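Here chain A shows up in two complexes: once beside chain B, once beside chain C.
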Partner chain A sequence: MALDASAMTASPGTAAKPPRTRPPGVWVQGWRRFRHNTTGMLGLSLVCLVVAVAVIGPFVVHYDPNDQSAMIKFGAKSAPSLQHLLGTDRMGYDVLSRIVYGAPTALAVGLGTMLVASVIGITVGGISGYAGGMVDELLMRFTEFFLVIPVFIIILAVVRLFGIVVVGTPLESIPYLNLMTIVFLLGLFGWPPIARLVRAELLRLKQMEFVEAARCIGTLRRDILLRHILPNALPSIVVVVALGIGGAILAEAMVSFLGFGDPKAISWGQLLYFNYEALKVAPWASVAPGAAIFITALGFNLLADGLADAFNPRLKQ
Partner chain B sequence: MGIFRYIIRRLIFSVGLVFGVSLIIFFIINAIGNPIEILLAERPGITPEAIEAMSRYYGLDQPAPTRYAIWLWNILHLDFGTSIIYNQPVGGMLVAWGWETLKIQVPAILLALAIATFVAVTAATRQYSRVDFSVMTGALLGHSLPGFFVGIILILIFAYWLGWFPSYGAYSTRNMLWNSALADSIWHMVLPIAMLAFFNTATLTLLMRSNMVDVLRNDYIMAARASGLPERKVVYGHALRNAFIPVLTYLAILFGLMLGTAPVTETVFTWPGLGYLYITAIQQLDYPIIMAESMAITIMLVGATLLTDIAYVLIDPRIRLE
Partner chain C sequence: MLSTPASSNSPLIGAAAPALLLRVSGLAVHFFTGDGVVRAVDGVDYQVRQKETLGLVGESGSGKTVSSLALLRLVPRPARVVSGRIAFEGEDLLAKSERQMQAVRGKRIAMIFQNPAYSLNPIYSIGDQLGQILRWHDKIGRKESLARVAELLRLVGITDPVSRLTQFPHELSGGMKQRVCIARALLCNPALVLADEPTTNLDVTIQAQILDLLDELKGRLGTSMLLVTHDMGVVARMANRVTVMYAGRICETGEVRTIFRDPQHPYTRALLESMPRIDQSYSGPVKPRLAAIAGRPPNLIAPPSGCRFHTRCPEAVPDCQRLLPEMAEISPGHAVSCLRRGSPGRETVGAVA
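Showing the complex of A and B:
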């Protein structure tokens, strides 16, 4: 005790003072814990694998994804061989190169969806948690509404019907319009978990001492929100977003699998849709995209799991 | 707040939900204009008079708000209109196709619940053991496996390679198994149920295990053990009951998820259920079916949520009604 006190009083002036370092922030602390988390690291490596395939893959594969020449040379639906590592599908495409070119699509779908969902979710949750009272009550009911409705079924109907509305309008010329519609819809219906989380975090952090301290020294409201509350809420948001990316990729795959996907985009769900009827003859053309979806979804799920453990160590115990 | 007021409040909210969804669906379908015109646009020999007559037959000549009111009024009288493609009353179709959907989904969720309970209890009572670790790993992997991928693998192995079960349909068109309609029907149900049960088991196991672990740490468990109750009674009689409460709410979510993704399940197995009907209806713009089905699924979903909400309060007196 006495030692502590003397050290404290002595430290300001003495030359023996160690160089002042900033204490590690939320992210550094989180990463230190994350490094020792087996599931999290496994998830991160799977995600890195998918990203690497998306970035490097297109330069490595031999076949153009739109190359149907196997129709003539080897025949469609040929089994995996040295020429075609994952075989060819029923349209004569090389399965491996279709899978590789599907990776950027999947990542774009996941990120795009979560971008839309985060913008809406953070806005709604932020307003709800900050305003409180009647506004909060109304917004939360609204959020609950979006949580209960059968989203997938509505998305299917909208994608199909929007495709009809667009015909003959200038919108038709936008590339990948169909895919963008799906992404936008997935985001539009995917924000409630984020809004709920942001609201809960805001309510929790509003009570914290450091926020009170900031208020005491006269920090502007905007600065309290943006510089004190938001950075501390971000780790939790990142967890939900990571989880959401996996979910969005899966959802897009399901929409495409049912035949409502973008016919011009190369996506794994689309591959399944084209090849599923030939499952008996060319199983590799259906199993490969299915496995790709599984690995990606698993990667993001494990990553989210590990991040949740790393950022909220209290939750684990 | 009394329990009756709570139930009534939830009920009103649920009705509002169903209402909201009906508005969304109606708005979307109206955005495309007259579906009859689109359906008949590419057929030669259809005169504008014929299109007009058909539109009048289906009541499409009325303005949109009137049509919505008529549609809502009819639905309240359980009249869902007539399918354009099948030319049958939609209400009867919903019952017939809905039965096929529930036939695989209800057994699947019950089966999953039974397996998950057993596995989760086993894992939770041996926390951090090798059994626990493998159960958790398996459940985490299974939780991320897309349902349709499991279905594809099941079909490949059990239908194509081993030839034990049929790969599609709910009935054989000829040569029924053992000449019995019941056996034949169950034979077709095996693979779809296995796929749905697989998905639900993984998710339920994850949830149940963490609940069990939490509950087993409580003082009353130690008290029960100290009073000399057999371990089996402590785990299944005392702990499991309390671990079960959060699972109850989750059952409604799982059920909703299964109903919502029925189109995928039923496409994988070419199963003649609501999901399959919905997909064909969307493709062919059979709008009475699209509207009625999205309504039916919403009502089932909201109903399940409502039931669990009420059951939740009835089972657990600690839950505060706000």
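Showing the complex of A and C:
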């Protein structure tokens, strides 16, 4: 605090209380640009719609998703009516409530998968980009190895084998174990794009003068990575993650459609699987879950698109 | 090598010689690249005294930036400090542990960068990123640190410093950002500020303001400065003494006055002649041409034998190809490394593979 006296007296007390209001940072700025982005806002609305359905829907719909009582009065594959707005499916379930209860599953799959993928991807990409040299080389080859694995075959095989192995063990009682296995596997094979992006961002940011400046003021290596480099890479990471959520939901639908889904979980892919054979008789039972998958995946893709534009500094006006 | 006792005793103009703050001797930084060893800095000596500004001048690639980064022990990979001593405040910086160096960086030696636009982190507000440094170095609280930051922002001539604390770098102009960077460098009251071309990326009017500011602050705070630049004009204005570098070696060192009035090394002369002078007319019937230095800077993987400047030197004699000149004092405080000025030479043919 040993500056010269004039500077000390020049700021009598005013410096002591910094104002609370913060002007726009990257996030607020990004949001402002995002708001004017039509595709992005459309994506956000679709995602919000799905989230709203997942949160509020279960309290609104009349039928339990496992309620087959429609069989008694309406019968299976009955057309949409006032009682069953989207009709009933092959097994006499109310299609609307199956769709509504499928929304949380879809979101959980999307978010869970990307959580797993992000943790692995950011760690691998972070180490790779920051350490450089031989470590980088090895980790990137490892990443490429994961990129060329035929993901679906492995997922199908593991899900089936794991399903058999757990029978009779305490693991069997874990709810949604099958679904969690799928999520975990999707994440396990979904991280390479994130790792590559994080690495690229780190290589770029590492060269920035502010990182050098941070080093020159004695900042620890760990703090440089956590406080200066990673936060600057976050906007790009958010974009790939948003894109990945849509992809993960589609992938889970595919696994379920092939009949490898969790029998206890209500998933849109499974609805398709159960009903596609009756496509001609009861098209509503197949079209509705298809549309739900479409809307959700489209929503996340458009959202990612909008985010990419909003965080791209070159588009700044 | 420079005969140091004489030079450190030589008087500054109108004052007794202040104590030595920094003495770099025999510093060598080599880049170990796939193509070979680049001798970017190859046996360099210079001193910075208390409250003095030393101008480190040279063209790009002469090793001036690397030799200043070496002071913080932050030479970029694949470079390494291969030899030398850096005595700063009586301690050898090259002998310190990485942990001890962290306490030097930013606290005792601070740095101002070339490009203010990129040297501030875009995601932190000014108050946050400057306060962070203080909290880390001085272990003080958030409130206290922000007060100190505001005080420094005022010192570097930023109006309404308190409201600037919450602003982000992109909301400031280039000159303003450089002021913030200067404030950042001065936060912990460092003994030495390294300014690496602090005005190169600013427009001319702002350059003048920033130079004035640096000059004023240096006088007020009593900080020493190592000014790395290729701009002789900036040196003439800011520095007390000048060290001229060429291809990783020192050519000449001395008081600014001496160097500008009586340059001895052919490279220094050529450098000064390549600069327009205010006391010379460039219009009229006879238009004098600015002299350029012929040739290109040498490849430092295989530097020329003998004196590194001999390939471009107008005064070169056969001996220059053979002997590497060493620094020798030709008058108090003025040292030159040139065989034609009586510097001792060291046989190099065969010594450098």
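Here are some notes:
Throughout what follows, the second predicted complex is superposed on the first by the 290 of 317 C-alpha atoms of A that agree within 3 Å, B and C clash if a C-alpha of one lies under 4 Å from a C-alpha of the other, contacts with A are read in each partner's own complex, and residues count from 1 in each chain.
FYI, a residue touches a chain if its C-beta (ideal position, glycine included) is under 8 Å from a C-beta of that chain, and two chains touch if they have at least 3 such contacts.
Predicted model only: the values in this text are computed from it and were never measured.
Legend: residue contacts after superposition of the two complexes on their common chain; A:G290 is shown touching chain B, with no touch to chain C. In the superposition on chain A, A:E212 makes contact with chain C only, while chain B stays out of contact range.
In the superposition on chain A, A:N232 contacts chain C only, with no contact to chain B.
In the superposition on chain A, A:E137 contacts neither chain B nor chain C.
In the superposition on chain A, A:L156 makes contact with chain B only, not with chain C.
Look at A:D64: by the touch rule set out above, it reaches neither chain B nor chain C.
By the touch criterion defined above, A:E172 reaches neither chain B nor chain C. When both complexes are overlaid on chain A, the residue A:F145 reaches chain B alone and has no touch with chain C.
In the superposed model, A:L302 makes contact with chain B only, not with chain C. Overlap of the chain B and chain C contact sets on chain A: empty, with no shared residue. The touching residues of chain B, counted against chain A in their complex, run 13, 16-17, 20-21, 24-25, 28-29, 31-32, 38, 140-141, 143-146, 148-149, 152-153, 155-156, 160, 167, 256, 259-261, 263-264, 267-268, 278-279, 282-283, 285, 290, 293-294, 297-298, 301-302, 305.
On chain A, the positions that touch chain B within their shared complex are 39, 141, 144-145, 148-154, 156-158, 160-161, 164-165, 246, 250, 253-254, 257-260, 272, 276, 279-280, 283, 286-287, 290-291, 293-294, 297-298, 301-302, 305.
Note for the complex: chain A touches chain C at residues 1-4, 7-8, 10-11, 14-19, 21-26, 132, 208-210, 212-220, 227-228, 231-232.
Chain contact summary for the complex, chain C toward chain A: residues 72, 74, 77, 101-107, 110-111, 113-115, 118-123, 125, 127, 132-133, 136-137, 143, 146-152, 154-155, 161-163, 165-168, 171, 181, 184, 189, 220-221.
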